[in-house]
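Following this line, the structures themselves.
Two complexes follow with chain A in common, the first pairing it with chain B and the second with chain C.
Let's look at the complex of A and B:
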């Protein structure tokens, strides 16, 4: 290899690094802008620009976003809605994950006539645009007395999450050798025993993937939240949108940005600590998009 | 009795999910489909009028705008996200030192809700104090960027934000695909003296066919369902210039009490998804057999 060639290769690698870092910068820029804006006061926002560092950082916007900003007619900040989201997310994630585990186990290892068809029909349900079920679901919730309640939202998230959690577990359990099940059956072990003693101990990774996926999906949901919640039961995404679109006495971009970060924080934290599982869920769950 | 229970346990376990699926997915789709054939306005009522609502829908200029926007959004979003995702994946696959960190940065927007993304970009792209001011401060005097408030350009703001959010995910899909390519293949090609560009163009890209395929399906699915991003970034405005079908459906069903038209628009969205999905599922299932 002559000198010229070597130089060429190094130049090529430098260019690759340059492009990769450039894009890292582009992806990070909005987060940087959000964060710095949230620490500025309105004066500084007007006089400075997006990329300028805050000269005199203040937590005013964070306090206001959390506790006193107006989200429509109420002015209690995002705090109550943050807890609404928590109250929706936890039961919905737990129930849909457990149901998915049982369903996936039954569909993968206890096939019966029609079970493949059932799986296909369920899988198909992952793809439907939710617009087609919005109105009848609203009627059903009304009939059940669950309109505008946290329980109602939990129910909706469970129903439309199951298809997905089932798919996750089914695809994972298919990979566990059927011989294990057959041998256990010969020993007289039952459906539940086999699940408890053979499958559950092997399931930690898929539980993590499913829980993270469901957590992200439900925390970030806006459509169900905006349609099925009433005043006082809105999840945080809906409250954030209301906060941004309520301008009592001038636009406070710093408060908007602090509020947006508060809404994004839980899923961001999950992503940072469990990124590997998050990515696995994304690619496995890619079918849902 | 106990024996019967034990024998049918897999079916019993799947029963709640099956019922929920039949009622809340397929039943509701039929319900919405039937509703779209009635003259319902504020409340559902069952006077069937054939395809009247669809005729009214297609004559509605606002629906026209929404569909046109969807095509603009769909094409730009998919093409740019694919090209960007693929290039970044190829660059990142060159034994980069800080690959893990860069990957984490590219993918974090995927953990954030579209409402947060919309809120952030609404601030960044706002005409007075956003990117326009930044450019002016950096010395590009007279630089104008008012897309967010321009009828013809608002939809492109949505494209920008959506690409920022989803291109990292496309990168992850391609990176996984590239990692699956047999090393011997690339070595053999290099031995034959193929240049890097030729290697990628003639050998590796054709191998990425399935990744292209699933990425396109996922991105299409995201695009057709996009509702939150529009709601948060432009609110469909100015006027209704940046509406997508999902926003049209929401407005007509829940704000305008035109549930017949709303149902018809939801059905069209469903058909749109099916038109992309059926060929995809068909080829997927055929490959597996």
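Let's look at the complex of A and C:
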């Protein structure tokens, strides 16, 4: 088959690739601009072309964004807030995922009177907008003495996340044959032992999906972060906003860009590492016995 | 020991009654088959015995102990599922030992049992594999091994062979029978395959719409069914049913364009029933080509038969024709040389024929 023929036959395919590349380019262009800008100094940004590669790449902006840029009145860079976010995200993701796995297992395989209703009610939680719960949650956190604390933010994210994690695990576990539970019951295994020995080992894909989902949601959250945190407990998203909005002298675009990339980096890395599991997990069907 | 008594078992899901007043005694060491069409409640009954579902009414007694309220693990029962339900993340050895592990048996004792069971079922070489790497027959063996390992009082088999291909099914059927002969544990076995039921069972219990129709040995069920339903369900090819007019305690049939009067072994029954029309039930093997060796008696009739279709099955050939405008199957020798569309003389032996009330479907006796 010669080249001409190949092109002819695959014209449709070529068009599809062209469109895909075009959209990929459009999507990636801002990232390119962010990245190149973060490596330029401020002089070059003012004088040069937006799309041009940096003439003399420097890590000045990255260092400043990380360690010394001003976020409001303080000038310690993003570092403390990055660690705040880490301290919020890790417990919140782990707790909400574990609770979701338990809930999903119970709701899928240990049906009781009203379990369907309970699941429906939990599902409803997925459709409640953040804004609706702001005030009642603020009152609750105040009453619990958790206002402006990292623990408080963890609690908010866990509660808000349970609806989603339960939904994920429940739908995954519904696909696992109930006969496995029956067989294990006859083998003398209890509720928890069946969960531990049979369901957990089958759950890697859905754990990955849930963890990615929760990590992204909580890391990227701005609203809860800005409302429920104090000055020392702000997550990185809030700090980024403050950094960009604080101008001492002229606007340092390179620092802004570096800061934005730093803030987005963890979710990006999670996707790159576990992305294929994410797609696989979402499409995973029944487990063959 | 492992005798089971089911006393007045009822089960409802919401307002649907799935099982209605089931009474059945299963002796220690017996191979009992529960058979019936889909949705007759046979799997539900099995789940009730296992304790996987709660009774709506009645009681289950295993070895003189009422276990109706006990959880599955305290009933000392093992079950083999239709889908095998092997734990997909565990290897074969751990699948077999899982029940022992749960009962906190020491590892070295587990090893001994594992060795015994795996050599009995010839799965020694598979112990390190995961269920996903096994063929259907191998999975079946592992599932049986898992049940055997705990040496329970009772084995429950829930349509264990229906996922296998025809040849393997026959092989495994024989193995299950051998296994039962060797270990002698009580087995309750659910199936909808009447050949499995006939070949395996000590006794067969026929279920329909949640009611027990008949319990008996395969011979009784086959030759002495209580109703049209039971007679129709057992046997392949199935029993012939022909509506016949009664005249002088004989049955009138029309075959090959001529009318015949069939003499029945149960004359009083026909007389007492006072029915003008009865349903004649006669097995295909009672309809054969003329066999000169058979001694003539009043139950042996010679009848003209027009063959519509011939179905050679190897060992015999089934000829399908019409009596009284109902389809009738005759079991011929493959060497008889008959052809579809042609008539020939059929020998009909009514000595084992049975009669049903055409309205109720119940046996007239």
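We take it that the second predicted complex is superposed on the first by the 261 of 289 C-alpha atoms of A that agree within 3 Å, B and C clash if a C-alpha of one lies under 4 Å from a C-alpha of the other, contacts with A are read in each partner's own complex, and residues count from 1 in each chain.
Here is the rule we go by: a contact is a pair of C-beta atoms (placed from the backbone, for glycine too) under 8 Å apart; a residue touches a chain by one contact, two chains touch by 3 or more.
Keep in mind the model is a prediction, meaning the values are calculated, not measured.
Steric overlap between chain B and chain C is absent once the structures are superposed on chain A; the two fit side by side. By the document's definition of touching, of the two partners only chain B reaches A:118; chain C does not. Contacts of A:180 after superposition: chain C is touched, whereas chain B is not reached. By the touch criterion defined above, A:134 lies against chain B but remains apart from chain C after alignment on the C-alpha atoms of chain A. The three-chain arrangement built by superposing both structures on chain A places chain B and chain C 90° apart around the Cα centre of chain A, to the nearest 10. In the superposition on chain A, A:162 makes contact with chain B only, not with chain C.
Using the contact criterion defined above for the overlaid structures, shared-chain residue A:196 touches neither chain B nor chain C, since it reaches no partner.
Touch counts on chain A: comparing chain C and chain B, the chain ahead is B.
Using the contact criterion defined above for the overlaid structures, shared-chain residue A:46 touches chain B, although it does not reach chain C.
Note on the superposed arrangement: chain B and chain C approach each other to a least C-alpha distance of 10 Å.
With the contact threshold set out at the top, residues 287-289 of chain A are in contact with chain B in one structure and with chain C in the other. Residues 47, 50, 52, 71-73, 77-79, 81-90, 98-99, 102-103, 131-132, 139, 146, 150 of chain C touch chain A in their complex.
Against chain B, in their complex, chain A makes its touches with residues 13, 16-17, 19-21, 23-24, 26-28, 30-31, 33-34, 37, 45-46, 49-52, 99, 102-103, 105-107, 110, 112, 115, 118, 121-122, 124-125, 127-137, 139-140, 159-160, 162-163, 166, 190-192, 216, 219-223, 226-227, 237, 240-241, 244-245, 253, 256-257, 259-261, 263-264, 267-268, 270-272, 275, 278-279, 282-283, 286-289.
Taken together, the chain B residues at the contact with chain A in this complex read 6, 9-11, 13-14, 16-18, 20-21, 24-29, 31-32, 35, 44, 88, 91-92, 94, 96, 102, 104-117, 119-124, 129-131, 133-134, 137-138, 164, 168-169, 172-173, 176, 214, 217-219, 221-222, 224-225, 227-228, 231-232, 235, 246, 249-250, 253-254, 259, 262-263, 265-267, 269-270, 272-273, 277, 281. The touching residues of chain A, when paired with chain C in their complex, are 177, 179-180, 182-189, 193, 197-198, 201-202, 287-289.
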